[in-house]
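Down below are the structures I want you to see.
Shared chain: chain A. Partners: chain B in the first complex, chain C in the second.
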Partner chain A sequence: MNENEKRKYIKGRKLGEGTYANVYLGQLRTDPAVLVAIKKMKVQREQDGIAYDAVRELKFLQELHHPNIVELLSVFNSKDQNLNLVLEYLPLGDLESLIRDTDRVRYGAADIKAWMGMLTRAVWFCHDNFVLHRDIKPNNLLIAADGEVKLADFGLARSFADPGVNMTHMVITRWYRPPELLFGCRSYSGAVDVWSVGLVFAELIIRTPFLPGNSEVDQINRICQAIGTPTEDNWPGVSSLRSYAVPAEVYPVPDKKAWMDRFGGVGAEGVDLLCKTLVLDPNKRITAREMLEHRWWRTDPKPTRKEDLPRSKDDGAKKMGADLGRRPGAVEDENRGSKVARRLDFGAK
Partner chain B sequence: MSRKAAMGGARQPVGGATTTTTTTSTISTEDMCPVCKTIRYLNKDMEFLINPECYHSMCSNCVNRLFNDGPNQCPYAGCNKTLRRKGFRSAFFGDLGVEREVDIRRRVAAVFNQGEDDFETTTDYNNYLQMVEDLTFDLVFGTDRKRQEAEATLQRWEAEHTAQIEQNRRQGREADEMARRRLRAEKDAARLRRIEAVREAEEEKRERALTREAELDSIAQAPEGQGSSRVQLKRRGLAAAAGVNSAAPVATAAATDVGKLSIRGLKEKKKAVVHEGPYDPFGGLDFTPSRYRLGPDLKHQRIEDLRATMRYNPGGFRFEDWTAQLMFEAFAGLGVFVEDEKEVGIGLEAGRVASIGAGIAAVGDRMELD
Partner chain C sequence: MAAEDARYRQSSQYRLWSFSPVELATLREKSNALAKASISERMLSSNASRPASGANTPDGDATPTLPEFLTPTEEALLVTFYTSEVLRAGNHAGYRDAIKATAAVFFRRFYVTNSIMTYPPNDMVLVTLFLANKAEANFVNIGEFANKFGKKNAESILAGEFLLCQALRFAFDVKHPFRALKGAVMALRRIGGIDDKRINAAEHRAHEILCFSPLMTDAYFHYTPSQIMLAALSLADRGLVEQLIADTFHHVSPPGTSGPGTPMETGDAPPPPRRDTKSEDKATIIGAWIRDKVLGTIEACRDMLSKELPEERREHWASQDVFAAELKPLRKKLNKCRDPDRSNLLELHRRRREQARIKAETEDDDAEDRGAALADDGAVFGDAGPRDTKRRKVGKGLEDPFGGPL
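Right after this comes the complex of A and B.
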C-alpha cells in the first residue's frame, strides 16, 4: 500500500529546504497536470521515531477538510524511513509576502476583509472540530491558485484538552503569542488562536508586524505598551499565573480613539472586531464563532471575490517551500543563533 | 434527361398530399404555372409561390386570384388543404422536396435546441441527436402514421419544455452575438495592425532619407581626404543602425501579437454563473449538532467537581468547549454504518478508507463539506 501511494506521485524539483523538512514539487503520475507539494520530513536525530510535529500534522490534516485548510492528499514513507506528506500545491505564496511587499502590492479594506474572512473561517472550523492550531501567522497562510487562503502547518496543533490537563505554553510564534501563554498558563482554549488572528489582522492593516518582540520579556513589554498592562482589574486571576511579570510602569488599556487612529483603514466596525480579538483576558476575548457573527462582515465594503484579490509578485512556489520547511513556532527574521537556542519543550505536554 | 428527372421530383406529391400530376409538355414547370397554364413567355414577371401546408407551387397571379377573398382550397386536384394568402411565399430551393425538408428541420431544431453542455456525457448527447434525427426522418419521409406520431411527440415536447426551449434559444442568440462581436473585434484589430505597419514603414523610409541627406551634407563639408574614409565608416554604421531599427519594430509587433493572438474555433470556456448573494462569513457551513442540543448548563457530577477545582481560570479554559466536545464524541459514531462504509470502500485502499472514516468521525453527518 505504501508503494502504491508512493508510485502515484512523481517527485520533481526541490521547492525549498528548511530545518524541519524539505519540500518538493510533485505531480500525479496518472495526470501530470495535477501538481502537488511533497513535504519530506527530515530525520530527527534527538527524537526516537517520527517527530511530534509530523505526527500532529498528520493527525489533524487527515481529519480536517475545509476550503481554507490545506488539504493532505496522501502520506507515504520513502526508502530512508522518512515521512512524506503529499499536500495540495499552493503556487501563490503566502500572506506574509503580500504584507511585506509594500512597493508592489497594494490592497484595500475589501481585500483585508476577504482574507480575514477566510482565515477566521479556517480557525472557526478547527475550533468547532476541537482542534487548536497554535501557530497562526502570515507565513502559515498560503494562497491557492484561485486566491483562496489556506491555513497550513499543523505541526503544533492539538485537540482541546480536558480540564486540569496541562498543555505546553511554548507554542505559537512569539510575535503572535497571547499574554496567557507568555505568562506560562497551561490550561487555555481557542482564545490563544484568536489572539494570533487579531495580530494577523493588525499586521494586514499596518503592513508591518504589530508586536515584534525580541524576546519573551520584550514581547510582554510590547503588549503592555500597545494593549495595556494586564492587571487584576482587567483580567481577574492574572497574577496567579506561573510566570506573571509585567513592567513596573502600568500602561492603561487604550481607548477606541487610539485604535481608530492606527487601524482606521478598516472602518469603525473593523476596529471594533480587532479590539475584541486583542482583549487581554482570554475569558473576555471573542471566540472564532462570535467573530464570524460580527457586524463587520455585513457592512460595506463587501469582501473582494477571491479571484480578484491582489497577488504576490514573487515566486510563490519558493515561498511555499520555505514556509513548509520551517520549524513550527519560529520567527523567521531572526539570526541563526537565536533559532538554535530556542527549543520547543514538547516533553511537557 | 436529368433535367426532366429533377422536374419530376419537383412535381412529385410532397407534404403527404395525394395529388399526382405529370408534366407531359416540354415547357418546364419553371416556366408554366400548373394552375392557370400561363407561360413565362406571356408574363415576364411571373413568380411562383408555395404554401408550406402542401408545397404546391403556383404563380402569384393565381394566388391573388384564389386567395384574396379569404381561405380557399388548394387548386391542385385531390389536394384538400385549405390555404390562406398569408401562408404563401417564394421557395428558396428549386426542389420543393428539399424546401419542405429544410422547413421541417428548421422547426425541429427550434424545439430540440439542447447543446452538448446540457448533457452529462457525450453518449447521452449522441443518443439525443439520434433521437432527433429519427424523429425528423419520420416527419419528412415517414408514412402517414409515423408522421402523425412524430408530430405528436414534437408538440408534446414543445409544450412540456417551453421554458427550457426559450432559455436555450436566448443563449444561442447570445452566443451568436458574442461570436459576431469577437469577429468584428478581430477584424478591427487586424485593420489597425495593418495601418500601423504601413505607417511604420513610411516613417522608417523618411528617416532613412533624412539620415542619408545629413550624411551627404557632412561629407561635403568635411575637409579634403577624410571624406572617403568616413563614407565607408558611415556606411557600415548605417547598416548596423538599420539592422537595429528594423529589428526593434519586429520585436514590438511580436509582443503585441502575443496579447492579441486568438484562435478561431477554440471552445470558449463557460464562465461559472456567479450568484452573488450576501456575504456569508461562515462559508455556508453550519455546525449546529443535529442529534442533540447543547443547553447553557450541562449538569453532571464530574463536571461540577472539575468546575469547583478550577475556580481560578485565568488562562481562559472554556468548559463549554469541553462539554461540547464530550457530547460530540458521544454522538460521533451514530449514523455511521460500517456495512455501508465497506461498500463505499470497494476499490479504495485501506488508508483512504481510514481517512474517510476519520473524516466522518470528525464532522459527524456533515459529509458534504469536502
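Right after this comes the complex of A and C.
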C-alpha cells in the first residue's frame, strides 16, 4: 500500500527547506502535467517518536476537505521512516507576499473582500467540524493557480476540548494572538481564530502588520492602545484570568470614527465587520458563521472573481516551499521556546 | 441532516475504516492467510539453513514441521482480549475516556490488516495507547509513559509507533459517540415531562456501555457514532430512545399534522393514518420508512453491544478461570506460531533503520538529532546506550515491578 502511494509520484526539485520539513515539487507518474507539493518531514527526534505537529497536521488534513483548505492527496513514508505528505500544488505564493509587495502589487476593496471571503469560509468550515486552527496568519494562506486562497499548516490545530479539559495557551503566532490567550486562558473557543482573521483583515487593508508586538507584554500593550484596555466593564471576568496584566493607563475602546480613519478603505460595512472580529471579550466576538452572514459581503463592491485577483510578482512556488517547511508558529513545550522566539521575529528589522 | 451525513462520509472513519461484516471477515481471513504463508516460509528457510551451521539443535526439533497456526476466529478472540488489556492499561494510567477509546479503536484497526501472529499484541497495547495520547492532544513524555507501565524499555514503544501509523493509513481521527450522548441527553430534557433522575441514570449507564461495549466489538467498523450512542442508550433505557426517535420523526411531518394530542407520547406506536391532504400522507410514509430503517440499525447495533456489556470486563475478561480455559491455550499456540522475524519490534525497527541508513548515506541532516536522543536515552536507561539491542522483553505486567517513583 505504501509502495503504491510512493510510486504514484515523481519527486522533483526542492522548493524550500525549513526547520520542520523540506518541500519538493512532484508530479503524478501517470500524468506528469499534474503537479503536487511533497512535504517531507525532517527526521523525527527519537525521544518522543513521531512529532506532535505531524500527528496533528495529518489528523486534520485527513478529515477536512474544502475548497479553501489545502488538500492532502496522499501520505507515504520513505525508507528512513520519514513522513511525506503529498499536498496540492499552490504556485502563486501567499497573502503575505501580496500584502508586503506594496511597490508592485496593487489591490482594492473588492480584492480584499474576495480574499477575506475565502479565508472566512475556511475558518467557518474548521469550526463547523469542531477544529481550531490556532495559527492563522498571512503566510499560512497560500494561493492556488486559479487564485483560490487555501488555509494551510495544521501543525497547531486541535479539536474543540470537552468542557473541563484544559488546552495550552501557547498557540498562534504572537502578532495574531488574541488577548484571552495572552492572559493565559486555558479554555477557549473558535473566537481565538476569529481574532486572527480580524488581524489578517486589518493587515490586508493597511498592508503592514497591525499589532506587531515584539514580546508578549508588548503585544498586550499594543492591543490596549489600539483596541482598548480589557477591563471588567468591557469584558466581565477578565481580571481573574491567570496572567491578566495591563498597562496602568487605561485606554478606551476607540470609536467608529477612529476605525474609519484608519480602515475606511473597505467602507463602513467592512469596518463594522472588522470591529466585530476584534472585540476584546471572546464571548462577544463575532463567530465565523456570523461573519459569513454579515452585510458587507452583499454591499458594493462585489468581491473580485478569483481568476481576476492580483497576483504576486515573486516566485510563488518558492514561497510555498518556505511556508510549508517552517515550524508552526508557537509550541507548547518550553524547551523549544528559543526556536519559537527566533521564528517569530520574521519580518522584523 | 443530509449535509451531516455527507460530512461523515468524508471522514477517514467512513472512507477507510467502515466495512460490512462480510468485508471485514474477508480482510481478516486474508491477513491470517498472508501471515501463515510468510511465517511458514520464514520458518522453513531458517530450518533449512540450520543443518549447515551445526548438527544438534538444543530442542532436538530440526524437522521442518510447521506449528499449528491460529485460525481467524482464534485471532479475533485474542484481539478482543488484548483490547480489554488496552482499556485496562488506560484505566491504570488514568487517561480520559476519549484517549482509551481511541487506543482501543487503533488496536482493533491495526489487527484488521495485520495478524496477531505477525506483530506482538503485548507491545502493541502500549504503542496504541501512546499514539492515542498524541492523537487526542494529550502531551506525554515517552519516558514517563513507559514508567507508568513498569517498562524500562521505552524504545519498543517507539519502535512500534511508525508501524501503527502506517497500518492506520496515517488517519488519526476517531469519531466517538460520547458527544452524541450529551446531545441526546439535552434533546431528552428539551422534550420535557421526563423525570430527570431517569435521564441521569440512563446517561450514566449508557456512558459506561460506550466506554466498553462498542470498543470490545466491531461496532465502530459497522455503525456511525450516533447509531452506537442510540444503541447504548437503548440498552440503558429503551423507552427513552423510542421517545427520541418519535420526537425526531414527529418533526419530519409538515407543520399542522401534529396537533396537541399526538399519539407519539407513548413512543411505541407509529402515527395512525390520517385522512389529510395527499402531500401530508406522503410525508408520513417517507418518515415512517426512514424511521423503521433507523430503528432496525439501532436494534442490530444493540444486539452487538449486548454481547460485551461492561459487566463482562469483570466477569469474563478479568476472570482467572476464563483466562486459563480460553486464553492461555491460545497464547501458548501464539507463542509457537509467531513470526520469527517480527516478534521483536525493537530488533525489527533497528534493522529497518539500519537498512535506511545504508541506503541514505548521502543525506546526513539527522546527525545532531541523534546526539540529543542519545543523551536522553542515557538518562532513561541508566548505562544502556540506545544501540543496546539485547534488551529483554518485559512481560505484560502492568504493575511497576520496581515500585513507585523514587
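The rule we apply is simple: the second predicted complex is superposed on the first by the 326 of 349 C-alpha atoms of A that agree within 3 Å, B and C clash if a C-alpha of one lies under 4 Å from a C-alpha of the other, contacts with A are read in each partner's own complex, and residues count from 1 in each chain.
Just so it is clear, a contact is a pair of C-beta atoms (placed from the backbone, for glycine too) under 8 Å apart; a residue touches a chain by one contact, two chains touch by 3 or more.
On a predicted model such as this, the values are computed, not experimentally measured, just so you know.
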item	value
First (chain B), second (chain C), both or neither touched by A:Lys79	second
Per-residue touch tally on chain A - higher for chain B or for chain C	B
Partner chain(s) touched by A:Cys185 [first = chain B, second = chain C, both, neither]	first
Contacts of A:Gly264 with chain B and chain C, given as first, second, both or neither	neither
Which of chain B and chain C A:Thr120 touches, first, second, both or neither	first
First, second, both or neither for A:Pro254, with chain B first and chain C second	neither
Partner chain in contact with A:Gly12 - chain B first, chain C second, else both or neither	neither
First, second, both or neither for A:Gln62, with chain B first and chain C second	both
First, second, both or neither for A:Asn129, with chain B first and chain C second	both
Chain B versus chain C as contact partner of A:Pro212, first or second or both or neither	neither
Contacts on chain A seen with chain B and repeated with chain C across the two complexes	1, 62-63, 65, 75, 129, 159, 161-162
Residue ranges of chain A in contact with chain B within the complex	1, 4-5, 62-68, 74-75, 117, 120-121, 124-125, 127-130, 159-164, 180, 185-192, 235-238, 240-241, 281-283, 285, 292-294, 297-298, 302-303, 305
Chain B residues touching chain A - in the complex, by the definition given at the top	274, 276, 278-279, 281-283, 285, 287, 306-307, 309-310, 312-319, 321-322, 324-325, 328, 349-351, 355, 358-359, 361-363, 369-370
Footprint of chain A on chain C - complex, ascending	7, 10-12, 96, 98, 130-131, 134-135, 137, 139, 141-143, 157-158, 161-162, 165-166, 169-173, 178-179, 352-353, 355-357, 359-360, 363, 365-366, 369-370, 372-373, 376-377, 386
Residue ranges of chain A in contact with chain C within the complex	1-2, 42-50, 52, 55-56, 58-60, 62-63, 65, 75, 77-81, 83, 129, 158-159, 161-162, 165, 167, 332-333
